[in-house]
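Two complexes come next, and they have one chain in common, chain A, joined by chain B in the first and chain C in the second.
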Partner chain A sequence: MVNPSLLPAAPKVVGPRGPKPTKAISPRNIMLYGTLIVVALYYLLPLYVMVVTSLKGMPEIRVGNIFAPPLEITFQPWIKAWAEACTGLNCDGLSRGFWNSVQITVPSVIVSIAIASVNGYALANWRFKGSQIFFTILIFGSFIPYQVMLYPIVILLREIGLYGSLTGLVIVHSIFGMPILTLLFRNYFTSLPEELFKAARVDGAGFWGIYFRIMLPMSLPILVVAVILQVTGIWNDFLFGTVYTKPDIWPMTVQLNNIVNSTQGVKEYNVNMAATILTGLVPLVIYFVSGKLFVRGIAAGAVKG
Partner chain B sequence: MPASRRPNQLFRNLNAKIAAIPMILTASVVFLGGTAWTVFYSFTGSKLLPKLKWVGVSQYERLWNTKRWIVSIENLAIYGICMLILSFVIGFLLAALMDQKIRFENTFRTIILYPFALSFIVTGLVWQWVLNPEFGIQGIVRNFGWESFAFDPLYNPDIAIFGVMLAALWQGSGLVMVLMLAGLRGIDQEIWKAAKIDGIPAWKTYLLIVIPMMRPVFITALVLITSGIIRVYDLVVAQTSGGPGLATEMPAKYVYDYMFRAQNLGQAFAASTMMLIAVLTVVIPWAYMEFGSKKHG
Partner chain C sequence: MPSVSVRELSLNFGDVQVLRNLNLDIEEGEFLVLLGPSGCGKSTLLNCIAGLLDVSDGQIFIKERNVTWEEPKDRGIGMVFQSYALYPQMSVEGNLSFGLKNARMPSDEITKRVTRASEILQIEPLLKRKPSQLSGGQRQRVAIGRALVRDVDVFLFDEPLSNLDAQLRSELRVEIKRLHARLKNTMIYVTHDQIEALTLADRIAVMKGGVIQQLAAPQMIYNKPSNLYVAGFIGSPAMNFLPGRLVVNGEEVSFTTKDGASISLQGYEASTSLSQGGEATLGVRPEHIQIHTELIPGVTIPAAVEIDEPMGADSLLWLKLEQQSLSVRIDADLNCQEGTIYHLEFNIPKSSIFRKDTEERI
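Let's turn to the complex of A and B:
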């Protein structure tokens, strides 16, 4: 704090005026940045422990502590996690789960966004009788615990012969991604100037013409947000992956849980941690690359328009 | 609504209706139909397969007489209350810290939010390792010479639920912070100036002026956190598998286990109906406050 007696006499003014003098080192700043750094360390700690553990050999893990940096760096755990770790009878590592997750995520993202953007477009520009009601049900549906709808969907998928298949899981992801994505696209299309739509109508463009030639190209910003939201969401999914697939096509998260929490054999913590990082890598890369867009995505998902 | 007497009412705007078929099917068949189906079959004695054998409320009676369910509810209550309070306090404090016109704000935000990009499975497994009593925090403190130090949340049934909470907070508090920060940024700077002129200390301004003004953000966060709490499943499966004993069992896990392991569908449906009721008691008042009072949608 600045000693008031050091200031030039200014009896008429109570309190400081003008921009605050900024000092780099003040008790306030030390407290502020000190707290922030401690907080940041707390959040970084598990990531650090994961990386460090995955680079150690098992003998070193048994004698040392989990925070110590590796004395001898080895990439063997990574290789084992990727190519050799066992789930049940399959011993080809997490690579299987990785490719399964890719095969699940890519079509799910495309299909769910395609459906939701058309939905949003219809809700914004082509309202019909009852459209609002279905939209309301959709939004309310997003709050229903998944457990309530798990079994009816099992039956539905079984009826159409898709239970336990990749296609079935893609359908499930499209269904449960629909509320939030539809909301995103509807709000975005509503915010576009209406003249655009009217002009296209006057020029004779129809429903699909306007969608493909005008609305879709203009929705690029929200499209990116939706892709980020969906890729991380679907990649991280565990529940639908366990319920609607069979071991051959298990997504990465399910396989990871099976590898780490399997009760047979000696626990290989370094392999487990390498496998854990591998599974978290895709969403982490998306997060660090997309930065602000990711934040916008979750904010859009959270704060309803 | 004026009753229009058009003969081709159904075919007006046909393309939009065709395009909306997936939405209509999802909303009516899956969300409405599926929920109704589950609630309906919770009154039957379905075992391995759904059967129309009416048993009244006996599934519910059995549910509330099952120790595992009661323990799950207690766990959820402890976990839920603590999570709610801590999420709000930590989220708000972090947001207030970030709002002090600090340098490197982006860096700090990136660090605090990154766990949110990770799945609950990854979160659970990491914290299982960090909290490992032999090699983790407890082992390290003991190595320093404090032999009797005990911090083994995942092996001590009394505090296991707090071990899960530690992981959940690590994963989710970044989101609450981002929401709160958006709320703080939405507060007019004039308010701060006015409070300063009146000589109100900063903490009082936060408590008495800013927080009441952030009501919408708080409600959004409340709804988000609560529905997340009731759903908690993957985290527990990965971190503790519900153990030790029943110490971290959760209702969502009860449903899953009875549905796909114990082959007692009726129990699972009754339990999931209870979960639905729990969510509705939160969502309906919220929806009523949010959309019922405004009427300008």
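Let's turn to the complex of A and C:
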């Protein structure tokens, strides 16, 4: 307790005191929120049109009012897009493409991340002879346009007998993900305290021991980033999917294009909309589920390197 | 038989020579402190001994075994780091047993060792916790425990207390000293904190620019620093330096300041010989100067008070002597007015004189 006589005589309280009051509705706020709402609507409107159209029947669509909500909700277009729409000779809808895409994406994501994380770990912690040159070449690789490599890879896959197969496409995706993923993992592992690595070495852990028991358990944020990048990238890929596969094993994106762009018969807008939403669903779900981790991971990798 | 021997060790990072032809013998059970400013190569030397850095040249022996090319785990060393470096995803127990599991030790032996180490360090209640649930002091205890369980010959400490606040630091300092008294292992301890060095060490190696400047017991380093650098680095507040020259007059040698004041050097404990004369610097610590109100011819030099700094237990008095500021430790009760003239008597047996050209102690 301070002796009151030691305190200076406080002046009488007049004027402002406590937290400064803030006005909810001010010109500044109106401008700010107004702009934000307009921009949000602008981006959400196409999605709204898609959802609404996909729930209408064709007679209702022909009326032409694309913004109007459906008078009669029908899920028939969704069923048709998933299970009945025809592409070429196959009339089992997008489901075929969906399973193809799953078979392409899952192994590609696992293989590319498994290899790239070891690459990044080795480059960050075990500075072997020539590691700098190796790293530079790898990064340089990510600047070469895909178009340059399309045809050589066709020849390469043909020679090893994997052209037109899912395995071939998985290999291609794994290789093309390598530069950016390696960079991502290398930067993340460089940002971890070096003393941790030293302590593990003194404790007698080897290359793989440190990787599996120290580094990997600490890399959840960056693993999430890598998974998101790869899943969305590979799922949305169209170019490699068209070039290196054949109709039976087309990924979902290629099949979607063929449904939407078919020139025969009536354009079934509701089916097209449903098919497009179905195709975009996987990346969308991934973003919603791991959005928070994604931001954290990108920031964690960006601190150093 | 030395426990750790470093022979003609050199280390270069590109063109930068970090360690230069360094030799060091550490006795069995000795507590050696590597002391120096940042960038002097002390941590680098420790990392070389640990095997975390490859040397450019030279050899390292631990227990008379050449370990220059051995992996860190095969050297019989345990290391404690400044940032604790605990594995964040493992419990305290997991951290302690990690090294033992890597060595494929049977689990009942692991349990025994973990229990013993946690008893010694008083961290038994924390065994199930994660490092993030521990305070800084507890974390560093676990880090020490990690070296302890492995039953190593040599403990290496890399500035282990630098991340702790002042009070915890002094607590853990005492604890490390107690640990050394109990275990009697060889310990090598890197720090830039001279208090830690003076309190803990059996011997201190003062380093600068990748070279050991002086290797001696703390008292020796404090009282008879081998050169100007060591003299200025050790001691807080720093040693006072007074430029001047040695005047030899038969048996008698005296020190003459720039302005001509003369002090007899009777009783000086020379490392070499004073009789060579020449330009020199007189170094004397603040507590080795006595103030008098009256002049004693041939003994005292007058100086005017600039500032009085009370420090609780005592006061530090700053005086002006021939354009030079000198600090003197005095009784806290003595109130000194600015501008007062005092006559300073230097405690010559406890002073050091350095040659001006080589900066070595005479």
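Simple rule for what comes next: the second predicted complex is superposed on the first by the 270 of 305 C-alpha atoms of A that agree within 3 Å, B and C clash if a C-alpha of one lies under 4 Å from a C-alpha of the other, contacts with A are read in each partner's own complex, and residues count from 1 in each chain.
Everything that follows uses one rule, which is that a contact is a pair of C-beta atoms (placed from the backbone, for glycine too) under 8 Å apart; a residue touches a chain by one contact, two chains touch by 3 or more.
As the structure is a prediction and not an experimental result, all values here were calculated from the model.
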Note to self: Applying the document's definition of touch, where does A:51 land relative to chain B and chain C: first, second, both, or neither?
What the structure shows: neither
Margin query: With both complexes superposed on chain A, which partner does A:152 reach: first (chain B), second (chain C), both or neither?
Written below: first
Next item on the list: Please work out whether A:214 is in contact with chain B alone, chain C alone, both, or neither, and reply first, second, both or neither.
Entry: second
Next item on the list: Quick one: classify A:198 as touching chain B (first), chain C (second), both or neither.
Entry: second
Next item on the list: Identify the partner contact of A:182: answer first if only chain B is touched, second if only chain C is, both if each is, neither if none is.
Entry: first
Checklist line | Most chain A residues touched (candidates chain B, chain C) | finding: B
Note to self: If I apply the document's touch criterion, which positions on chain A are contacted by chain B in one structure and by chain C in the other?
What the structure shows: none
Note to self: Please output the residues of chain B touching chain A within their complex, sorted ascending.
What the structure shows: 9, 12-13, 15-17, 19-20, 22-24, 26-35, 37-39, 50, 94, 97, 100, 102, 106, 108-122, 125-130, 132, 135-136, 139-140, 143, 170, 174-175, 178-179, 182, 196, 217, 220-221, 223-224, 227, 230-231, 233-234, 237-238, 241, 252, 255-256, 259-260, 265, 268-269, 271-273, 275-276, 279, 283, 287
Check: Touching chain B in the complex: which residues of chain A?
Finding: 15, 32-33, 35-36, 39-40, 42-47, 49-50, 53, 61-62, 65-67, 115, 118-119, 121-123, 126-129, 131, 134-135, 137-138, 140-141, 143-153, 155-156, 174-175, 178, 182, 206-208, 232, 235-239, 243, 253, 256-257, 260-261, 269, 272-273, 276, 279-280, 283-284, 286-288, 291, 294-295, 298-299, 302-304
Margin query: List the residues on chain A that touch chain C in their complex, please.
Written below: 193, 195-196, 198-205, 209, 213-214, 217-218
Check: Of all residues in chain C, which touch chain A in the complex?
Finding: 47, 50, 52, 71-73, 77-79, 81-83, 85-89, 98-99, 102-103, 143, 146, 150, 158
